[in-house]
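The two complexes that follow have chain A in common; it is paired with chain B in the first and with chain C in the second.
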Partner chain A sequence: MVDGRVSATARTILRLSSVVAGLLGWHYLAVVVVKDGGVLASPLEVLARAYEMTVVTGELYPHLFASSMIFFYGFGLSLIVAVPLGFVLASTRLAWDYANPWITAAYTAPGVAFAPILLFWFGIGTGSKVAIVFLACSFPVLLNVYHGMRVVNREYVELARCYRLTRWALFRHILLPASLPFILAGVRLAVGRGLTGVAVAEWFGASEGLGYLIFFAGQTLNVPTLFVGVAVFTGLGIAGFEIVRQVEKYATPWLAGGPWK
Partner chain B sequence: MTTTRPVLELRNVGATFPGTGKEPVQILTNINLSVREGEFVSIVGPSGCGKTTMLRVVNGLMPASSGEILIDGEAAGQVGDQLLMGFVFQAASLLPWRTSLKNVLLGLEGRVHDGRDADEIARKYLDLVGLTGFENHYPHQLSGGMQQRVNLARALAVNPRILLMDEPFAALDAQTRSFMQLELLRIWTQTRKTVIFVTHMIAEAVLLSDRVIVFSHRPGTIRAECNVSLPRPRDMDTKSSPQFLDLEKQIWKQIEEEVRDAGGFGQS
Partner chain C sequence: MKPRPAFTRGAVSVVAGVAMWEICARALLENELLIPPPTSVARTFWSLAASGELNRHFVATATEFALGFGVACIVGVALGYLMGRYRWVDEIMEPWVAVLSSVPVVTLVPLIIVWFGIGMFAKVVVVFKVTLVAVTVNTSAGIKSVDRVWLELARSMRMSSWHTTWKIRLPAALPFIMTGMRLGVGRALLGVVLAELIASEAGLGYLLRESSEMWDSPKLFATIVLLVAIGLANFSLIRRVEQPMAPWRRTAEWSMDA
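And now, the complex of A and B:
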């Protein structure tokens, strides 16, 4: 414990003051230092533009909807594929050794670089965008599932042997819960990577979506709209993290608190 | 009659580890031991002498490299998948994602098919070890002593033929340890299980056991046996009786000689 016991209210105040300080700094930079709305929009300008896009014209919603759909398809598909695949790879050494070079290559290579190839293959439609997001999300999940399974305490596995648990019970009651924190950490990473994937996918020849909105606003020097797009992406990222955090809280209650309890 | 036939019999049992060189390392050699129904047997010896390995071999966690193990007169391998032994680990073997109750239920998983029956059994043993009211606590919410109580309850709940205990109190502070020894005496009196108890504390072995077995230095084999005829029930006062102190000294001498024979204290 570095800073002793801090009450929940104090921590909330700390977080809020950090946000306010950041916004004030931004505002100062935009209004006093840069003084050019065509380069840096102030938070108030962005807020005004956001109000316009959501309440007055409602032009933001189709973009938000399009991006969300692509994210959920790609992200969901990656969980469906990567989680079981990670378990399989972790339980058979041979399969892992065989697949490892490709997984490492695909994980470490910049995913963005693959985007044009996928667009080339799948055309400029939903398919290619979902594929980009799927690839972006899959590898962090896959690797975390695998490593989560590999670091399960040996004693727990011996315990299962002692009490003659079946292979299924070993998986269900020991391996799965033991690796759950790792899996969820992978899912958390996948949220960030998946949103990056959405932005990238929509930069290349899309006609809607937040990525397209940002790209188009950048091309037409519409700085406030550009910032609204970025802010919405950020909001989605934060929301995604928060959802995963709530899932963690519910699914791994024994980890409550961590070192700062 | 089970009273005449030993519950567990080890005949010339040996065990090896794959060593760093070509030759496997001999951990145990020529172990001959027979344990009666309801007997409490402790194993003491210098550290690294293979006490824990013997428990693992008996429980089937590790194969014996030679000899045979009989349970109720039948070869252990042939007794099949029946759960014949409960194992109490040194520490940290409670699953952190399971409450006390669920940890005790682990051993009953797939064995007692009626969930309500299993639940009842688990609660009964938690009660026996004095943890009523802590059923829904997670291990991190329990003290070290309480965690070992859950550990014990889990081993007892499967109604094992033999209870194997591997230095169960090693991680506890001295006070808790003394208290847990008395608790174990109480629980053993109530359940009358056959127990094999590994410890490096001679006083603990003498206080609890009907018989103390002294292991030699590696490769471990039985160097001496010592019957403990102290009257039961035993309590804290037993530890200060002249008979107790005499036994303790006797066993200590055996270990001391063993360590000397093996090349001195500095080497083990």
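And now, the complex of A and C:
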């Protein structure tokens, strides 16, 4: 067993028993040790609360809807702006050199730092939230588009020159497909960052949304709701990743099983 | 030899950008609150630094970060090693690591505050969580990817398992461990600032919150400038450290999942 030769059944059993033991331990901790609903709720309570929020009262859906709107506006806008901008920066050396310090600074700084300024500028409505998500999503996409274009094999470009491809054909048939894996990796990163952005945005002066739900539940010590909110957020993140991964499979089939899996 | 044009252009761009900012803020905007000119940001920065206020908050954030990061690296490498080495540990830990790594840390911050209060310890926990996941996952991947040939060589030379660990497995996993740390640094910085922003008594996130609540935008901008500087310093430091730590591996200039 020590040497890495564990049969498939044994592995499933180990995994399952680890999950079951963990949940039991959590339940025990909540019910017997802590005994304070304002600090830790047992998994059963969390499940009951999730059922209540999704089926009985349906109070989860407005929050889910509000957050999704913000996410899709910010995310969509960032794709519309960052992808073309990345191409432009990659194709003109001069523009990149001038933009580089600003982009690096904005990308490496912890993203929340800019949230208060955006609130100053756009108020506490939808505008500032979309702006926060937009900013969070843009830089990973922008930088991945840029670097994806830069690492395109020179020989392909030379070949295209030999065939006298037009600039557009060069872009459409060589540069774009070659940099597509990078672009999609950037999009995948942007999904995660965007969701973080949604949560941050909804903490300041929001009255609905999943971020607000979590924040408010934390302040009122409503731990089951807090857990449900965290779980929904996690589910959205996983779903987003999975969607981008499917797009990757479809759009870049030659990489199936490659380093990005 | 001419100086590197990229560097010159970058410097020109920064200087020109700051000058433009100053001119626009002074000439066009009547209200300094929206975009304070760089000179007043610099003045505020200087007075904050001179009064020791900036220092106090910086030290608070740095301490939280260092504690959480340091402990998480040690625990993460040990846990990742066990996961990479023993299949059964891997199977037992895997579901939990997967859950932890897919929960966005920002959503955990309110829960961590409920559990650990608004003091320093809660922020240490935030940093710990983020770094632990990144380091554990990468260490385990690194240990698993050790070339079997080296292990066979070690066996044929009758190296003790202790020796194999120190001389072969860990060095081979080092680039992966460094990647985990690099990922951890960025996310942990975000996490700690965010946690301070939500509830705290000190730290750069606290400074952000305080200045934005008091509509003190020069102070807000001064804090942001400091955070940007920390981000940049991290970025260049890691670039410099990562390569010499694993000179046998060619690090790409850019990794997609930075």
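By our rule, the second predicted complex is superposed on the first by the 221 of 261 C-alpha atoms of A that agree within 3 Å, B and C clash if a C-alpha of one lies under 4 Å from a C-alpha of the other, contacts with A are read in each partner's own complex, and residues count from 1 in each chain.
Going forward, a residue touches a chain if its C-beta (ideal position, glycine included) is under 8 Å from a C-beta of that chain, and two chains touch if they have at least 3 such contacts.
This one's a predicted model, so the numbers in the text were calculated from it and none came from an experiment.
Peer 1: According to the stated criteria, A:215 is in contact with first (chain B), second (chain C), both, or neither; which is it?
Peer 2: second
Peer 1: State whether chain B or chain C is in contact with more residues of chain A in the superposed arrangement.
Peer 2: In the superposed model, C touches more residues of chain A.
Peer 1: If we overlay the two complexes on their shared chain A, which of chain B and chain C does A:101 touch? Say first, second, both or neither.
Peer 2: The second partner, chain C, only.
Peer 1: What is the contact status of A:81 with respect to chain B (first) and chain C (second): first, second, both, or neither?
Peer 2: neither
Peer 1: Please indicate which partner A:223 is in contact with in the superposed arrangement: first for chain B, second for chain C, both, or neither.
Peer 2: In the superposition, A:223 contacts chain C only.
Peer 1: Give one of first, second, both or neither to describe whether A:162 is in contact with chain B, with chain C, with both, or with none.
Peer 2: Touch partner of A:162: chain B, not chain C.
Peer 1: Does chain B (first) or chain C (second) touch A:48, or do both, or does neither?
Peer 2: In the superposition, A:48 touches no partner, neither chain B nor chain C.
Peer 1: For chain B, which residues count as touching chain A in their complex?
Peer 2: Result: residues 59, 61, 81, 83, 85, 87, 89, 92-93, 95-98, 106-107, 109-111, 138-140, 158 of chain B touch chain A.
Peer 1: Which of the residues in chain A end up touching chain B in this complex?
Peer 2: 153, 155-156, 158-159, 161-166, 169, 173-174, 177-178, 180, 252-254
Peer 1: Under the definition above, what is the set of chain C residues touching chain A in their complex?
Peer 2: 5-6, 9-14, 17, 33-34, 86-88, 91-96, 99, 102-108, 110-111, 113-115, 186, 189-190, 193-194, 197-198, 205, 208-209, 211-212, 215, 217, 220-221, 223-224, 227-228, 230-232, 234-235, 253-254, 256-258
Peer 1: Given the complex with chain C, which residues does chain A contribute to the contact?
Peer 2: Contact set of chain A toward chain C: 1-2, 4-6, 11, 14-15, 18-19, 22, 38-40, 94, 97-102, 104-106, 108-117, 119-121, 143-144, 147, 151, 181-182, 185-186, 189, 192, 195-196, 199-200, 203, 211, 214-215, 217-219, 221, 223, 226-227, 229-230, 233-234, 237-238, 241, 260.
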